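Have a look at the structure below, then the notes.
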């Protein structure tokens, strides 16, 4: 098979979001491994509610990205133990194209628990969308301290978890591609 | 204490939403019991992302409603096992004013499982916001068949669960009011 | 590859459990499709706490089943929105052997919501154990009415969901086998 | 009202459990505040499955503790993102007596995320049992380093969270006692 296409979705549009730098680092990590990627920013998609898109063109592009993807990585902060609403509206805009594609998670938190609770909620949404949530997850605690001045993770062990998660997404993407068609 | 103020939040802005009729019925049920209520429609709040309000005035009104509330009832459909994104953005716009106020849930589904999974995710968000999730919950399955032509529940047993849930919210609202101030 | 081995785990030891008949039907369904299976009954494993096995031999057999399995199906009732404790203790007794194997869920409930909340909690445990939760799930509501006198599902549509879930477990088992070794 | 009775439940029976020292410290903290408590150890209750008690007497005592309690604190480790099975079997052995009593959580982990995911699952079980989960929670990460030689928390900020959680349980216990009877 050709090299897997693993887009990264930045799942918050909040002004001042720290997750943006994290998403860029995840995107760079994926590309440095020789995989094809694209950084999708939820802030580019203006939705006033589920199914109420204000910019038809951009949702069409999102649909094309999901169609073409062999796997996904979601980067998002935890807000009140859950996921950002704008990320959920974006995910809910597509359906069939997610099926049997692996998804990895990077959660971002200003606190000590790394957004682990948000990942749990998102995993269940992913299963509902017929995606395959991978087990390794990247939990970025105290995000203000987690990145060095070049925008990379300061902690080698955190980078190792990210590498492991991307490995798993790639492994599943390669294994599941033949099983994807036809989707029942 | 004065009669509790228990606003109802309709948590989806999706075109064609069936939850709207359900929310009206919940609102009527609460008022018929002599409680004060108000129907808050998430579709009136245009947010392009968490913390990105396009209509300052309306969020101010939402904040005033939460400030004044003694308890809440959330009415929302389940989308892919989770909550609508627009509801989450609205809930995330406030914080302190939720503390120690009870919240009841009405989930709406076109399927057979009544949106039960969405309620579980919302309960955890509610706890993060320091609200008190009550145990009785109203799960509306096959919403197309659940309402009669006057917009009431066709099933007396479903109405009984709704009455029980509102009872519980009222009971907690009355019991917790003295404990609400000061919020730590 | 050889035909996948998909054992069924009956996850409750409660006296009078209705899930037992369901588990037998699931086991029959799997075998009728030409797959290899085995019915594992949690009641055969006496544990007085996590890691406290009273019957060494039987846990060794459970470990061998998980080692040999290409996928799993768990059948269990929902107790207070969660999973039976005995099932959790059994699952927690193994670790590496679960990795990258698909798992399907059949939840059993005397009520109307089919144990859907329990499945959500189990899916997260499954991901922690590096298993792959499949999206189709069988939710048996009102279990007293769900089975006919031969122990099969009365409802053709429920049987169709079961067939779909087993299909998906088989599909993932076949696709993931090459990706299983070596487990990181 | 008389001083609230807030028992502490140690929710793991695993040999070598680190949560035992944590539970003792929580128990001491509660008593030092002038509240009445009792340390309940799940290891004293031998159950071979839900509803299959091997020691009738001890479950009777557990039932009496729950009956008499004005609130609860649960101390347990996270196993594979979920709760220990023995804790779930113990909780499932009672029902009515939990209603409208607050419950606080202390999760214990050898890792960095403090068992936060387990607390989320337990909160949902608590709501099903009609308990009131309080928002402040104590997440003990790297438990090997979290306790000093006297068995207290090394970190003053962790102790502050514990104090805050116990405050909240007490506050709710006092506020909800009049609302407890009659339970619907």
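List of remarks:
For clarity, chains are labelled A, B, C and D in written order, and residue numbers in each chain start from 1.
As a working rule, a residue touches a chain if its C-beta (ideal position, glycine included) is under 8 Å from a C-beta of that chain, and two chains touch if they have at least 3 such contacts.
Since the model is a prediction, treat every value here as computed from it, not as a measurement.
Between chain B and chain C, two chains of identical sequence, the interface residue sets overlap for the most part, with shared numbers making up over half of the total.
The greatest centre-to-centre gap from chain C, using C-alpha centroids, is found for B.
One simple way to say how far apart two chains are is to compare their mean CA positions; for chain A and chain B this gives 29 Å. One simple way to say how far apart two chains are is to compare their mean CA positions; for chain A and chain D this gives 35 Å. Contact of a single residue of chain B with at least two other chains is seen at positions 81, 117, 120, 124, 127-129. Here chain A touches chain D in the complex through residues 81, 112-114, 116-117, 120, 139, 141, going by the rule given at the top. Touching chain B in their complex are the following residues of chain A: 12-15, 42-43, 46-52, 79-92, 117, 121, 124-125, 127-129. Across the complex, chain A meets chain C through its residues 99, 120, 123-124, 127-130, 132-133, 135, 164, 167-168, 171-172, 174-176, 178-179, 184.
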